[in-house]
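We just call them A, B, C and D in the order they show up, numbering each chain from 1.
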Amino acid sequence: MSSPLIVVNFKTYLQGTGEGAVEIARACRDVGASSGLTIGVAPQLCDIYRVASQVDVPVYSQHVDGVGAGSFTGHAFARCVRDAGACGTLINHSERRLRLADIDASIQASKDVGLSTIVCTNNVATTAAAAALGPDYVAVEPPELIGSGIPVSKADPEVVTDSVAVVERIDPGVKVLCGAGISKGEDLKAAMELGSVGVLLASGIVKSKDPTAALRDLVSLIR
Amino acid sequence: MSSPLIVVNFKTYLQGTGEGAVEIARACRDVGASSGLTIGVAPQLCDIYRVASQVDVPVYSQHVDGVGAGSFTGHAFARCVRDAGACGTLINHSERRLRLADIDASIQASKDVGLSTIVCTNNVATTAAAAALGPDYVAVEPPELIGSGIPVSKADPEVVTDSVAVVERIDPGVKVLCGAGISKGEDLKAAMELGSVGVLLASGIVKSKDPTAALRDLVSLIR
Amino acid sequence: MSSPLIVVNFKTYLQGTGEGAVEIARACRDVGASSGLTIGVAPQLCDIYRVASQVDVPVYSQHVDGVGAGSFTGHAFARCVRDAGACGTLINHSERRLRLADIDASIQASKDVGLSTIVCTNNVATTAAAAALGPDYVAVEPPELIGSGIPVSKADPEVVTDSVAVVERIDPGVKVLCGAGISKGEDLKAAMELGSVGVLLASGIVKSKDPTAALRDLVSLIR
Amino acid sequence: MSSPLIVVNFKTYLQGTGEGAVEIARACRDVGASSGLTIGVAPQLCDIYRVASQVDVPVYSQHVDGVGAGSFTGHAFARCVRDAGACGTLINHSERRLRLADIDASIQASKDVGLSTIVCTNNVATTAAAAALGPDYVAVEPPELIGSGIPVSKADPEVVTDSVAVVERIDPGVKVLCGAGISKGEDLKAAMELGSVGVLLASGIVKSKDPTAALRDLVSLIR
């Protein structure tokens, strides 16, 4: 089992906004360093520069639009996201669904500036479709389990194993993450055993009273 | 004629991205200081913190979503926008149109954290509608003139005067800006004479070879 | 108290689809005729022609796009809606929210072909905004009460009276409907007493085991 | 070369609205019958019932939403579309782009009621993605050529051959159509020679002064 990719999505949680984003990013960096694992953070667009300029941690954007330089107002421009310090981005999160053509454009715009791409999907069929677009990662997250506290690895393990199988067939160069309800060490371990290479998670860490302790528990069963 | 509000929208222009955003913001600050006028900037979401922490200039967001703290990914959360250093925000720009209920929610979310609100509209009817929602400003910009180089004050002066009249009737506390094709001193002067209290502009400054000179020209006829 | 306007929205309820739409439309026609009231129906777009060509009842579309003749695929074109037999349309229903500029365009497109316009809104502020666009009706429906079985006239009477007051101030030519949770005679009576000129309703009639009886109850307290 | 599928999209062209839709549908039926080819029509949602109940021609919807029976207003419900007389539907046309998860839901909803599915795409990558969702057809149409009068088979033949190749690899059960700029017999012939099994077209037929003659020319080189 190789080293997993863990990405903590800060959403618009108050605890992960502004200075709070910097603090949780520091916890991710510290637990990542002590465990030897890669723990990335996905703060809000407005917090990318603040976090990336203060904390040595992989920073992902929560969203990138498939637009170039030009007359676009209120969009997440890949070049700006990267210049602010991000190394990658979520695309098509269940709370920010995109049109198919825009997912393709977002992946291309992100690749053009060197951002790693994680396309979120809701089931095996859309995982297959997303893999056909050639992102770095597809992250399958059944929407009904997001924020539920019930880990996808327990509630619906087949969505993970089937996603891994279909992506292997469509494009073996694409890696599979999973998410929804993930918060504990056993969840991450189960996710890896099902064939995913890592997890997306959010409230289980960001809204925890002690994010550092929550992160330590998360990585406790991986070595 | 009281002092106008000038807001320069950086869109996703390369010249106004990252360090470029900081440089143009400095030009706005300098020309604002020397002319005694308020020249605000509207950089991309990812650049708000970078600009606001380095340049003493009023910073506006290009967009705010009508969402609160919680499970929202890839959204512009008013609290985060403000904590990054913005004093206000554009809402419903023609390149980022919102649903009516979301404009209302965005105004409320912005007001709740003290952000000044500028709702963009495309004609007199939508200006009246936007004014009924009680923002600080409505900025009327006929979409066909945006980026055209033909100033709204010349091509369609009635859209400005009629907007001023209808807003006065709906809510005299709301102020009217105008935009589209504005770049020169005569455009700003004409806009003020038509009853608006200021202008939105973009490419005429941001894509200029010499933004400082362009800004000086812009304010040259106001005293 | 003048004669109210009652519009029954069939949504995508199975009971109100295809031949079911024709049957419920007949019930509306019959109860309308016997009570002397106007009871309109809002079937799905695909059912407008079928209903209008078979039943003598006012037919409203559930939606009209603000597009003209041309290269638009999958849109509800006002001319086609009217030619299919509709006399009016809902616009911006809470289940089909539109951007502000598109609500304005939809109202204009509808008026151009003689369709009566009913713009749905979610609170007093958006009611005021919608009234400023000059539709025939604004229908205020707090989203949290839609389908709840709790009538807006009981749960939130102020949203109706305040809507009536604000619309009177913005444009006295616009009439106010209300909706959400309306199904019984006492609900309609209360809605009229609060100053609205009619109601939108849906599941209380369409999903009733006996729509004719439900309609008779609805109109039983109006004379 | 087997018999091609030809689908004529009426968009919101005035010539293809209401009684005009019925007339062009008759032309499609007649030329289809005399040539032995399948020529389907895609009228507006409001015209499906009118056309299907009067003309013996395969009728496709321009759009289906991925919703079931229930509280959905202004949506194209697959069951209603089928009950109105459609045998299939376009999904994700370039003028009605959908989110990835909604394309998947629309395909499923359509299949559940027996509608044939044609998912439109804009390039080879999105064609691959759409094929992974398992529709009956994918129709690749470079947006910049739609309505241009320049046939995709001449301007960009590789987008067709590459689409055919990638779909064969992803799911050989999915068939490939192409479209954009198609109007003449040589265009259809070229499209078939490039490996597609048919074409989508629109203005070349619907806006023609003589649709029957235009259709005859279209099928003149196929036998």
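Quick notes on this one:
The rule we apply is simple: a residue touches a chain if its C-beta (ideal position, glycine included) is under 8 Å from a C-beta of that chain, and two chains touch if they have at least 3 such contacts.
Keep in mind it's a predicted model, so treat the numbers as computed, not measured.
By the document's definition of touch, subunit C and subunit D have no common neighbour.
Residues touching across the subunit A-subunit B interface largely coincide between the two copies, over half of the numbers being common to both. In this assembly, the C-alpha centroid of subunit B lies 37 Å from the C-alpha centroid of subunit C. Rounded to whole angstrom, the centroid-to-centroid distance between subunit A and subunit C, based on C-alpha atoms, equals 43 Å.
Averaged C-alpha coordinates give centres for subunit A and subunit B that are 33 Å from one another.
In subunit A, the residues that reach two or more other chains under the touch definition are 94.
Viewed as a network of touching protein chains, the structure reduces to one closed ring of chains, two contacts apiece. Considering their complex, residues 9, 11-14, 17-19, 42, 44-50, 61-63, 67-77, 79-81, 83-84, 90, 93-96, 146-147, 202-203 of subunit C touch subunit D. Contact residues on subunit C toward subunit B in their complex (touch as defined above): 92, 94, 97-104, 121-123, 125-126, 128-134, 166, 170.
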